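Shared between the two complexes below is chain A, which has chain B as its partner in the first and chain C in the second.
== the complex of A and B ==
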């Protein structure tokens, strides 16, 4: 029994750590898509910018805290940069530009070895309070830290989306002609949403780097963007609570199915595909019986018409 | 004083000359009726004036050239429009639809949400109060917390007008405000328009209900096939033989 707890606890800690990182990453996307209606298929790019900026700043001697801030700011800045030419156009332009950007960025990270060490990746950077916290307790510490960050992000977002600012976002999500006719600068609001969503993804990137202690370009494949989409749809579009629960459900599923590998006659590669099939089926069932997701509101269903 | 003047405005869709060289001027504090057969170009006129379509020609509102401004900037100048087919925000509540409108809200700026929460809350309270008054006027108070998607066609029309009223604009463009609205309420809205007009608000109103529009208008413009075919006082227009022929009908 004791033995069991000994292996179970770190395992749960790991799941919760990954969940909290995914939750924050997805909360950024939920602001963009759930509340503003922006189709961002390249969200992972900002995870990468956040992670690489933080790590590279830190490796060149900046204190960790400042490095994280730099990662957040630079992610937000790139959101702005990509938003300016695309957000005036039809919504699908953003989707296309974003997915292109995230892949181009990954190739740059792969090829500009002088800057990023390319496919070898980067390790050996600092972690928060690594000299103070004993190594065997470090993940527990990280979990507490990440949960605290998650709570702060969640409360901040809740406050924002319930404010008049959030009301304008929701009106844009449904029919931008209305806020325009009423005098709202739709473009500027979209830009703000994309900037904040990207900055939050940047923060998640830094958190990811600290947790896995090693980053390489292939950590940031487009599939990560779509994981965030799955999490949002699962939890309920435009529900921050739903996004967090969605992240927990999704990460638990991924992790548990890694476990069951032993009992199924699959190779690791086949198992990956099998998992995606199961997730796809589950999503289809969800769409049939509860299309608004776990916590979404039926009346606010983003895809209803 | 003219609040709005439109000079030689044109908008063509391929071969369709929706608006084909229209000029109108509207005096501050008056109600101008805009009538004409289906497809005459009335709604296109609204789209041009409110910036939703780009055309050729000159539009001056309150002394500002607005023909190349974006819709939100024109609205900020104090002109608000409604849409012929109401655009209720169906995934928001009726109350949210109305509270969205005012442009003076500190809470629309992210930094004020954080730095001046008291002021934001206070404003929310005021705006909610105001929205309740307006909902009461339009007799849809009981729907305050419903999602706008649950409203009937006529109720959506009322919601659209109520929302526009939240802004306190200096000029309103109403596209068929009485269409689909029950007669008693239509009369009430007419009276409301006249009241607001007395307070100095200007109206440009598209309407097919001739008795209703002639009653509230100071002047009437008749459009046909993209052109202004007649302009004058309501009584004058009602007697115009050509207008009777293409639009109003009857013996003449």
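== the complex of A and C ==
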């Protein structure tokens, strides 16, 4: 029994850590898609900007806290930059530009080796309170820290979406003609939603870097964006609680399949492809048959134009 | 101007090499531009007629290349493999229309729902290719012929074939759109679907034909693309952004604009390599697309909004 506890506890800690990072990453997307109806297919770009900015600021001598702030601010700034050409137009333009941006950014991270060390990645940066917390307890500390951050983000988002500001966002999602008739600047509200969503993804990027202690451009492939999409659609669009549950369910599923993989007669690359086929099918089937999500409320979702 | 590789090289040779390079880039740009043009026509037509961006379009292109590869390596000549690939891609497209898109239209699904389903299908299709054929690059089993000299640049017989085939396909499309009843109905549908419906056009049948012709062209483009580049599962995915750029440049739903847009994108991508690293070719179409969205979102060749 003792040895089970010995391995089970770190295992659960790992799952919870990854879930909390994914939950925060997806909460940002949920603000954009769930509450405002923005199709952000390049959300992973802001995870990358957050992670790289934090790490590179820290490596050039800035204190950790300021580096994280820089990561969050820069992610939000890039959200603003990309929103300007796209958010006045139809929703599909944002989808195209975002997915393009996330891939262009990955190429830049891979090729500008003088700045990012390219494919070799970056490690050896500071982690929060690493001199104070003993190494064997560090993940436990990180988990407590991340759960605290998750609670703060969750509560702030709940306040935001219940405020008059949040109601305007939802009305934009349902029919942008109504808020614009009431004199609301739809473009500016969308831009704010995209900026905040991107900034939250930036924070998740910093958290990811601290947890895995090593970042490289291919950590930020487009598939991470679609993990977040699965999480929010599973949890129920426009439900912050659902998003957190979705993250936990999804990360547990991913982790458990790593054990069941041994029973499938696939090679390693086939296994990777198989997992993505499952993700793609899940995305299709959920949108076709249960677009309000497993835990979502049907009335939160306008099903027709 | 780039530095001469060998110190003391006579200037005259240096200038000659310089010109030679530019001419080569123009040829390569025209070749890749014709491929972007014919693959993007389908994307543009479906975008306009069904009112959503089909994110799986690029993966249909790759699918066709793999089917041709499979037929070719199991003993067929390239011409028959070409036809088999087009047929298989159309069958897959018609299957998707019957199983996914038609039922979703009946349900009055929103545009955003359709976009998310299409990206799910893109993941599925691409990873089926990875699953079966692996991620490595492949080539058709065809004899390598000597290229022709052309103003100091070399043009391979495959490149000539691509340009000729693209030209023939565009001509055939032009005849179809302007001379046949189905072509005229397709144009009517992409102009105004409700008007087309009340004037007695069988909308679902014409939409089916739009898929058949759009994906048939995409498949042809995919097989031709395999002649001038390595066949990889993500070849279509990385063609998606240039295709979108061509569609937006040419004005959505305007096939002639799309063709011009494709050539412009292809030329700018290749010519850009004279100034910036080759790795950023992909970024060129992203930047051009974003600029068009900022400055003239209806496209430089008009087309409906």
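The definition used in the following text is that the second predicted complex is superposed on the first by the 285 of 305 C-alpha atoms of A that agree within 3 Å, B and C clash if a C-alpha of one lies under 4 Å from a C-alpha of the other, contacts with A are read in each partner's own complex, and residues count from 1 in each chain.
Just so it is clear, contacts are C-beta pairs under 8 Å (C-beta built on N, C-alpha and C of every residue); 3 or more make two chains touch, one makes a residue touch a chain.
All figures in this text were calculated on a predicted structure; none of them were measured in a lab.
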Looking at A:58 after the superposition, I want to know if it touches chain B, chain C, both of them or none. Which is it: first, second, both, neither?
neither
Between chain B and chain C, the one with more contact residues on chain A is chain C
### Task
Return first, second, both or neither, reflecting whether A:19 touches chain B, chain C, both chains, or no partner chain.
neither
- Examine A:288 and indicate which partner it touches, taking first as chain B and second as chain C; both and neither are also allowed. second
First (chain B), second (chain C), both or neither touched by A:39: second
(Q) Just to be sure I read the superposition right, which of the two partners does A:226 touch: chain B = first, chain C = second, or both, or neither? (A) second
Check your understanding: Looking at the overlay, what does A:193 touch: chain B (first), chain C (second), both, or neither?
Key -> neither
Interface residues of chain A shared by chain B and chain C, listed 302
Listed in rising order, chain A residues that touch chain C in their complex are 37, 39, 41, 84-86, 88-89, 91-93, 95-97, 99-101, 103-104, 107-108, 110-111, 223, 226, 229, 233, 269-270, 272-274, 276-277, 279-284, 287-288, 291, 302-305
In their shared complex, chain B is touched by residues of chain A numbered 159-160, 163-165, 167-168, 170-171, 173-175, 177-186, 192, 196, 299-302
In the complex, chain B touches chain A at residues 50, 52, 70-72, 75-76, 80-81, 83, 87, 89-92, 96, 99-101, 103, 105-110, 113, 120, 123-124, 147, 149-150, 163-164, 167
Interface with chain A, chain C side, in the complex: residues 52-53, 55, 100, 103-104, 107-113, 115-117, 119-124, 126-128, 130-131, 134-135, 238, 241, 244, 248, 277, 279-280, 282-283, 285-286, 289-290, 293-294, 297
